[in-house]
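Take a look at the structure set out below.
Just so it is clear, A, B, C, D and E label the chains in written order, and each chain counts residues from 1 on its own.
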Amino acid sequence: QSKEQFIPVLSYRTGPYAPNGVPWANGYVDYLKLVNARGGVNGVKLSFEECETGYDTARSVECYERLKSKGASFVQPLSTGATFAITEKAPADKISVVTVGYGRSESADGSVFKWNFPIAGTYWVAADAIMQAIAKKEGGFDKLKGKKISLVYHDSPFGKEPIPLLQERAAMHGFTLTLLPVTAPGVEQKATWLQVRQNRPDYVVLWGWGIMNSTAIKEAQATGYPREKMYGVWWAGAEPDVKDVAEGAKGYNAVTMQHGAEPQSKLVKDVMAMVHDKGQGTGPKEEVGQVLYMRGAMSAMLGVEGIRAAQERYGKGKVMTGEQVRWGLENLNLTQPKLDALGFAGVMRPISTSCADHMGASWARIHTWDGSKWQFTSDWLQADEQILKPLVKTTAAKYATEKKLTPRTPADCQS
Amino acid sequence: MEPKNIVLNVNGIEVIYNHVILVLKGVSLQVPEGGIVAILGGNGAGKTTTLRAVSNLLAGERGAVTKGSIELRGERIENLSPADLVQRGVVQVMEGRHCFAHLTIEENLLTGGYTRKSKAEVAANLEKVYAYFPRLKTRRTSQAAYTSGGEQQMCAIGRALMANPSMVLLDEPSMGLAPQIVEEVFEIVKDLNTKERVTFLLAEQNTNMALKYADYGYIMESGRVVMDGAAEDLRTNEDVKEFYLGVGGGERKSFKDVKSYKRRKRWLA
Amino acid sequence: MFYRENGQFKTTYRADQQILPIAQDRRFMLALLLVAFVAVPMGASDYLFRAILIPFLIFSLAAVGVNILVGFCGQISLGSGAFMAVGAYAAYNFFVRIEGMPLLVALLLGGVSSMLFGMVFGLPSLRVKGLYLAVATLAAQFFADWMFLRVQWFTNNSPSGSVSVSNLQVFGLSLESPVAKYLFCLSLLAVIALLAKNLVRGAVGREWMAIRDMDVAAAVIGIRPMYAKLSAFAVSSFIVGVAGALWGFIYLGAWEPAAFSVDQSFKLLFMVIIGGMGSIMGSFFGAAFIVVLPIFLSQFLPALAGSVGINISTAGVSHAELMVFGGLIVWFLIVEPHGLAKLWSIGKQKLRLWPFPH
Amino acid sequence: MSKKIGDVILDVNNISLRFGGVKALTDISFNVREHEIRAIIGPNGAGKSSMLNCINGVYAPQDGAITFRGQAFKYMNSHQVATMGIGRTFQNLALFKGMSVLDNIMSGRNLKIKSNILLQALRMGPAEREEIQHREAVERIIDFLEIQAYRKTPVGQLPYGLQKRVDLGRALAMEPQVLLLDEPMAGMNVEEKQDMCRFVLDVNDEFGTTVVLIEHDMGVVMDISDRVVVLDYGKKIGDGTPDEVRNNPDVISAYLGTSH
Amino acid sequence: MAFFLETLLGGLMAGMLYSLVALGFVLIFKASGVFNFAQGAMVLFAALAMARFAEWIPLYLGIANPIVANVLAFGGAGVVMFVVAWIIERLVLRHLVNQEGTTLLMATLGITYFMEGLGQTLFGSSIYKIDIGMPKDPVMILESTFEGGILINKEDLYAALIAAALVALLSVFFQKTATGRALRAVADDHQAAQSIGIPLNRIWVIVWCVAGVVALVAGMIWGSKLGVQFSLTTVALRALPVVILGGLTSVPGAIVGGLIIGVGEKLSEVYLGPFVGGGIEIWFAYVLALGFLLIRPQGLFGEKIIDRV
């Protein structure tokens, strides 16, 4: 059975982050099943194994080691902490680290981070999109002068990711940025919201994950902070974050990772028809097409497309090695027709990666909770290259000097 | 002894601690209704273990009875909980006092009456105990941990009496008590025995006293009963006199004049 | 039958004071060391090294450290995670800030820093005892968590607070391969465990245990509680700190404060208790139990369920894993409350009497 | 017995100790001469153990002072007392429960250990020699107390009587000049008490150790002690040779009763 | 000033919520000398049971009235907690009589894992909702005195009242009844308690059951605040300094400790936090507790630690 491409699945279905980890994993796994139901990648079936990480870095590393030995070619850790740890190991193992919508933002620079792929967006993209949305609401960036924005963030590397970008923006437009860390897991935020009440910021940017999100929204409600003025990162903008606040979360905004909840998409219909109706669905049917489910599916799709791209070059219908898949991920070219064929029409925009750009796209939208579901409330927003690029370059360069890496030359990019 | 009025019948029990340490190697003894029976023996002979086996307190020491049987008034009791035994009137006074350190003396005593439902009865018992041990009354409000060794011993004995037991297992009741109090304790034993028909099984080092008040005695050596008999017979036995009463060969020897301590025992070779 | 000490007479106290006075034990230990140093490196797979053996070794080391404080000296500590963190971050700073700093020295300096930190947070133990002391150590834990997130200097100004190391080598040998990492950890562990064993069976160890068992009596025979407690904190946090540095440098490679969270502290305490308080060997058993068992269960349970035809969901497996793990802890405690080390020694005692039951 | 009783080594002056309302000791004075066996007797709760605790630095008396070898102390800490050579056994067993018999007694010699923590960790040269040398001393005590068979048993598992012996062994291991014994013979039968007396007398004889002894067995007290202090309700009611005390009417009414 | 008062009030109410969790620890410690590591898991388990019952009862029994459904769910969860207590006694505690505190602590850890696994298996691991009709929107008081008024969170206020009532009830139980005394005796010495006929088995079932109900109340209130999901277990860690500051054995201590910690934590975060980058409240709570312990090593109301020879 050498005709199977092995995909490791690091997921968390127990513990504090399970409510958010489960739908993502369901989407991820369902998509892999869908690929198989559609006949595999040019005939190569996908095999996969799940490993429970509990959103714990050490356990993620163990999972990585275990699944690696089964022939993994890329891995998606679904945790910024684990991404940091695995980033150090992956090059030696020739395994790509695909972090769709998270991870280290500077890893978009493929010339330094050869094995990292924050495809479709990093936290800097998310933060910039939020700033743009806020600016639009205010009527332009120049209106931000003198305004106050508070960042309520998960006190971890994940939560700190947007800070450099927001600081940059604050310096540019003259608003003040207050940082309010929340100790993980974030069940106690009274003091934080008292401070919000004291400062009366014009906007609150919420950088949370897990229970921290719903708690924050509830505290906002309890202290009377208008939810309309809250903007969450895309990990704070899914159903589990607002479901049990329901009415109380009405008006709350979050940036989306291109997609939002997409129950009407073709992909969902395909999954229903070819996976769930065959009795092979992974989670409850009602949740298919919700935000995190879609994110899981999209993440899986990007990985699978990396394999497909590799096959185009190294031989269709063959099982790809880690290095080959890396090449594929680096040369993704998901055009609109391709996306349509995969069922992602309307869900996302085209993505194309390159040696220099491992991210491939920097688009996002805002969606808003209307009390029962997420609704898009903005146009497509693109993160500002002018700001993003230099930030990525300098941070990546710093990493390279620290690690004594020489950035890849254009020649190296050919391999 | 007539079998019909035997309250406690211990039959060839073996006790093992921690699954490996065999301590009692077939101990049998009987306690007749209304009797006072003493278990004598040197340090480590297994007296305490025997009492624990009867009162079912072995489990907490990770010990277990692996052979033999224990019957209380004809009923097998190995599987009862200690609380059940207290319900049946059997109370143990544990070696080494074991007062409830944080409770006051009075609370200790009241807790002893836990199984007694009638408030009046508890109050009466409390008065009785205070009458036996006036010292306790003066110290009633101190936390047990901060009383003297002897006071704690009195507290432990008094606490057991609060349950109105029909049978008391006393483990070294005289330890740490002033001589007068020792005598009083044994008078109390006698008193309860004659007036209230309370049965006693006591492990005691003060052989002199024990044999004076007991009806019957068992002598233990390294986990076995090596001799038993009526108290007066034991009292006159030469070996017992020598080793347990310190009056071997007639007169009591001064402690100062005992020359050699390198003697080891005897009956079993 | 096979495990008799009959006929092995000790003619000198030196002989009787050996770590392993019984010949069979010595042979067994020798064999074990041979296996660990020679056979395992030849046979084990990459996965085994990286995901099981190396964490096992590092946690054993940490557990030895915690055992000294908790098991031998009786000072409850829930701050071991913090001591690990201090060890790791201090070693990191020595390593990256001082040009040409050898790895081994950096690790040991990490241990020394952790030792100082441990002694500061050990000071309350002079007054606060038992479970109450847990508060002091938890304060250390949460303070360290916060400090490494907030004080950028410690993380070499990395904005995320996450740091990483690479290109490790000792004595000119590269530490990249799993076997090299394994042997490095194993050697450190062997040396430190031996030193720790020497300490606990010597005068200092007796002081610690005396303080643990009855501090007033210890004082009366001339043991100074302050010296005993602080030395236990010092030795313990040194070892834990070295383990923390290993955890960061060797196992994770890159880490953030969450790698040394309070969960880690609890885990270490559990290792010590389940392995056996006051037993160096127990630390190894405990580490094996807490580190290896869950991994084993997560692979074994689905296989087991599969073999009897039940198809549990992935989440179901994780939950079953938790239940089995919890159940096993309770079961072992009921069989032997003093931990696996005690169970082991009782086993040996039975073997000694074998074939007789007692 | 040819025994040379020397000068006053330990002098207790006007000690008073109160716990809240409880007056454990009131204005107690007595002295102990070098090489003598000095008994303290009295009813339960009289303050005997508290007296030892004051000497030991476990309790701090409110008033009074204790003079040891000419140096007066209002309060000494336990460590100081130990270094000056005062050893002690306890009424309510205060052994180190989790340690073996051997380790318990060895810990009595800790004050004499010279090598530092690093040497001990390496356990080479002097550290090991020292360890062995102390082990030898401890083995002599173990022989002396006849507890060879229990050397490696955790003391918590020993029967009560043997635990008392280990307690004594630990105090002996300190090689103290003054040994304070709190009811060392409680829980022993006559034969064992005889043994214990022998130990005490031997220590007193051979090493010239001064002994302060609390005991409720009047036979023992009267036979082996040189002088006796009697306490009652925290007050001193008698002091003198056994014979004097035995005939002191206060002592008879408060403690001895008629039977002795 | 207004803001200071608001912070103070917020702290007081947060403190009461901690007390509620702390109470569970105190109960079990006081009655058996066991530091119950599983308290957090019990809170989660109870809350999960209640949340799911409240969901299932209207679904399967057709009871639409939310009050009735909630009461039934609470009752059902109560029964579940009783069963849990009974099983724990049967399978665990009974076999560990007279063992040291650390052994028992470890056993409760085993129970923790087991309950976390079982709870999620039986009741699922998403976020569930407990809606007991707590008002969510804030009210303002003293608007005439202060500009903008002082904000009060009604939900917290109710929760604090419930906590206070529960604590009062339990204090009376412990101080005034014979059972209360027996429980303290058990905590001091299992074996001696057995020897005088205190039925450990029954006592433990009762105490764990009471602690289970306390956990249920805590779970209900925290759950209605946060939503019921795994992170509820972590409130135990926030309650720990409360228990210890108040004294491990004192019911009123849990309250007073809660108030002190709650207020100290919030004031420190709001007034000191900004100078050092924030996020200090959790370690500040521990340091605060430690400060008190240095003065009173047994906590404010704890029983004196006895060390006597």
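Going forward, contacts are C-beta pairs under 8 Å (C-beta built on N, C-alpha and C of every residue); 3 or more make two chains touch, one makes a residue touch a chain.
None of the values given here were measured: they were computed from a predicted structure.
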Common touching chains of chain D and chain A: C, E
Centre-most chain [mean C-alpha coordinates]: C
Of B-E and B-D, whichever chain pair has more C-beta contact pairs: B-D
Distance-maximising chain from chain C - centres being C-alpha averages: B
Maximum centroid distance from chain D, chain identifier (CA atoms): A
Between chain A and chain E, centroid-to-centroid distance (C-alpha), Å: 37
Chain centre separation (chain C, chain E; CA means) in Å: 32
Inter-centroid spacing, chain C versus chain B (mean Cα positions, whole Å): 46
Shared interface positions of chain A, touching two or more other chains: 13-14, 18, 22, 155, 181, 183
Interface hub residues of chain D, defined as touching at least two other chains: 58, 90-92, 94
Residues of chain E engaged with two or more neighbouring chains: 99, 116, 120, 125, 277, 279, 282, 308-309
Pairwise chain contacts, counting only pairs that touch as defined: A-C, A-E, B-C, B-D, B-E, C-D, C-E, D-E
Chain C - residues contacting chain E, complex: 124, 127-132, 134-136, 138-139, 142-143, 145-146, 149-150, 214-217, 220, 262, 266, 270, 273-274, 277, 315-316, 318-330, 333-334, 337-338
Contact footprint of chain E on chain A as seen in their complex: 13-19, 22, 155, 179-183, 185-188, 190-192, 194-195, 197-198, 210-211, 214-215, 218, 221-224, 240, 243-245, 248
Residues of chain B touching chain E in the complex: 55, 57, 59-61, 81-83, 85-87, 91-94, 98-103, 107-108, 110-112, 114-115, 143, 145-146, 159-160, 162-163
Chain C - residues contacting chain B, complex: 337, 346, 349-350, 353, 358
List of chain E residues in touch with chain C within their complex: 35, 91-92, 95-96, 99-103, 105-107, 109-118, 120-121, 125, 237, 240-241, 244-245, 248, 276-277, 279-280, 282-283, 286-287, 289-290, 293-294, 297-299, 302, 305, 307-309
